[in-house]
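Next up, some structures in structure tokens.
Same chain, two partners: subunit A is paired with subunit B first, then with subunit C.
After this line comes the complex of A and B, so read on.
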């Protein structure tokens, strides 16, 4: 049993690399899209605000799995052909983007109104108010929930295995298919996910301590 | 586009989706009920226990929270029966998984709720001569439940969405029904549009109903 698992380790490592790559892509892409849409939700014109609100409430209201199947099977039907890898990344990114939008909205809303009134009173332009007063403070409020959400991206990435992508989850399943050592391999897989996510949440607590505290 | 929407086949097989939705709700309700019991017992135990018990409970919570649900579902359904001589159906297996999963999240919810119960209430309970057990049942738990109600309803909604994972072990819930129709009729866009709508309407109806319940109990402060 042990030798079979040792033999499978390089294969699992390849799957693990895919898991990390998917997670990284999703985290980075959703950060960019989510911050842009989030700022649009708070400061944009009414049609944009409604569009982002509907996008976010819809995406957050359905299971990621359904979103993923919708994107994967649905896009080719309307003539858009994406590799399964990118379809999976797109679906996970859409989901995460909706979360980031809410973190941004919450962070900006938590800044007292007096801050932007004071900035207005000393004659800052709208843009200066955002970049010098609101965003630096909102950033500290945004960071803790966002960092906590990074582990969700790693966990969510396990669903790409259902589209035939050989991530860690799929690699574990394939090794089990070959060796029939279900329990040891699921536990090994769980421990790898656990190690990554635990390290991430530890790092997040450190960062939180460093950045998130606002002295009033 | 070259794709014309045609919902006829969806309606013909709608029982797969409707039955699936009911099963999804059933799985979520049973799982959160068991999860609440696990969460309550462990949270109450945690706040009064020594270091060893605390470490074990914390290990359970951290392990579950840091591992993908789909892996836990596989582990319980395909892994556990290879070690223990037990036979169980896929729905049972999923309910066990989701209960243990939600239990881990609810321990945290209840634990912070217990800590948020004002000290004065416990002192008042002591002052009128309640035993520790009476203080727990009549003072601490009711107040804690009121504090944690919003978190509880959020957990329930998210468990309802998590039931879609049951499709990977062929539990015929809503997502499984959608896939069945997808593979058998190829009305892909239609079936996922309808399924999305069903998840959204149910999810928001639940949210609305639970918010009403929260308001009802919050008013009684």
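After this line comes the complex of A and C, so read on.
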């Protein structure tokens, strides 16, 4: 048993690399898109606010698996053919973007009105108020739910295996198919996912401490 | 109603300003002039429009009609007649000419005491960080907090936070300082240290408009007291006149009687 698992390790490592690559792409792309759309949702003109609101509510109301199948199997009907890898990344990114939009909106909305007023009173322009007063504070409120969302993204990336992409999940399944050692291999897979997410949680606690309003 | 205690031209001219929140009229044709160096305190029952009036002066609130000028310049509108709102950049520049201290302090929690003061100096006044730091330290010393320059707001008491709030406002060298119930959120034993700072600024000739419930302070430190009721200026004059027990102004007499009953 042990030898079979050891033999499969390089294969599992390749799958793990795909999992990390998908997660990284989704996390970075959704962060950029989500922050832009989230700021648009709070401060943008009415048509932009409506568009972002509709986007976010729609995406968050659809199971992520449906979204992924829709992008991969549905979009070719309108002439958009994506490789399974990029279809998966797009679907997961859309899903995560909708979440990031809400984190941003919540974080900005949680900053008391008095902060803007105090910033106005000393003569800061709108842009200066955002960059010097609102965003630095909103960032601290954004961080905890966002990191939580990053761990969700890593776990959720296992869904890409359903489009036939050989990520960690799919690699584990394939090794099980060859060895019939389901129990130890699922435990090994679970441990790897856990290790990544535990490291992320730890990093997030360090970050939150680093940006706290009260120093130790 | 527009009276000034002396003949020097008014620094702040509020002329017939009215404002409604929906059907509720919060300001009814308020007029008031404040001369350079004057300390004007505004008293009155809650809901009388004191705070709203103060917030109109630096255009944190807009108003429906009338005109507010500082040094002859219309504050919120390019032109009082057409009521065309100033651009964001213009408004910011106008607001930098007034300082405001808030009831709830509103210090920036992510910046140190010095950082709070330096922000406007660097971003709005265009000063280098070394110069801004020196100015911040000067004003912190002035409010008795030289040793707290690198403390975050959360590490300061309420009275200390409010003194930083005052330093942040005056460091910008505003033409006029607006103080909105700045001691109302403080524990009673911390009120004195904040009022002492205000008093020393008054003695230095800072022009101030202050909404307050501190009657003793209003009596001792004001050039004039404005009594507001129902969104209008009901009485205005030197403290001795306004706070006189034998006033014929019915509303004022009721207000003062209730105040004496609860506070003295």
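Throughout what follows, the second predicted complex is superposed on the first by the 211 of 216 C-alpha atoms of A that agree within 3 Å, B and C clash if a C-alpha of one lies under 4 Å from a C-alpha of the other, contacts with A are read in each partner's own complex, and residues count from 1 in each chain.
Note that contacts are C-beta pairs under 8 Å (C-beta built on N, C-alpha and C of every residue); 3 or more make two chains touch, one makes a residue touch a chain.
This structure is a prediction, so every number in the text was calculated from the model and none was measured.
S.K.: For A:55 in the superposed arrangement: first (subunit B), second (subunit C), both or neither?
M.R.: A:55: touches no partner chain.
S.K.: So, does A:198 touch the first partner subunit B, the second partner subunit C, both, or neither?
M.R.: First partner only.
S.K.: Between subunit B (first) and subunit C (second), which does A:21 come into contact with in this model arrangement: first, second, both, or neither?
M.R.: Once the two structures are laid over each other on A, A:21 reaches no partner at all.
S.K.: Which of the two partners, first being subunit B and second being subunit C, lies in contact with A:86: first, second, both, or neither?
M.R.: neither
S.K.: Name the contact category of A:69: first (subunit B only), second (subunit C only), both, or neither.
M.R.: The answer is first: A:69 touches subunit B but not subunit C.
S.K.: Tell me which partner A:123 touches in the superposition: subunit B (first), subunit C (second), both or neither.
M.R.: second
S.K.: Applying the document's definition of touch, where does A:136 land relative to subunit B and subunit C: first, second, both, or neither?
M.R.: second
S.K.: Once the two complexes are aligned on chain A, which partner has more residues of subunit A within touching range, subunit B or subunit C?
M.R.: B
S.K.: I'd like to know which partner A:11 touches here: subunit B for first, subunit C for second, both or neither.
M.R.: After superposition on chain A, A:11 lies in contact with neither partner.
S.K.: Can you list the subunit A residues touching subunit B in their complex?
M.R.: 58, 61-63, 65-66, 69-70, 73-74, 77-79, 151, 154-159, 161-162, 169, 172-173, 176, 180, 182-183, 186-187, 189-190, 193-194, 197-198, 201
S.K.: Sort out for me which residues of subunit B touch subunit A in the complex.
M.R.: Interface residues on the subunit B side: 1-3, 62-63, 65-72, 74-75, 78-80, 82-83, 161-165, 167-168, 175, 178-179, 182, 188-189, 192, 195-196, 199-200, 203-204.
S.K.: Once bound in the complex, which stretches of subunit A touch subunit C?
M.R.: 112, 114-115, 117-126, 128, 132-133, 136-137, 140, 213-215
S.K.: Help me check something: in the complex, which residues belonging to subunit C touch subunit A?
M.R.: Against subunit A, the touching part of subunit C is residues 58, 60, 88-89, 92-93, 95-100, 102, 104, 106-110, 119-120, 123-124, 152-155, 168-169, 172.
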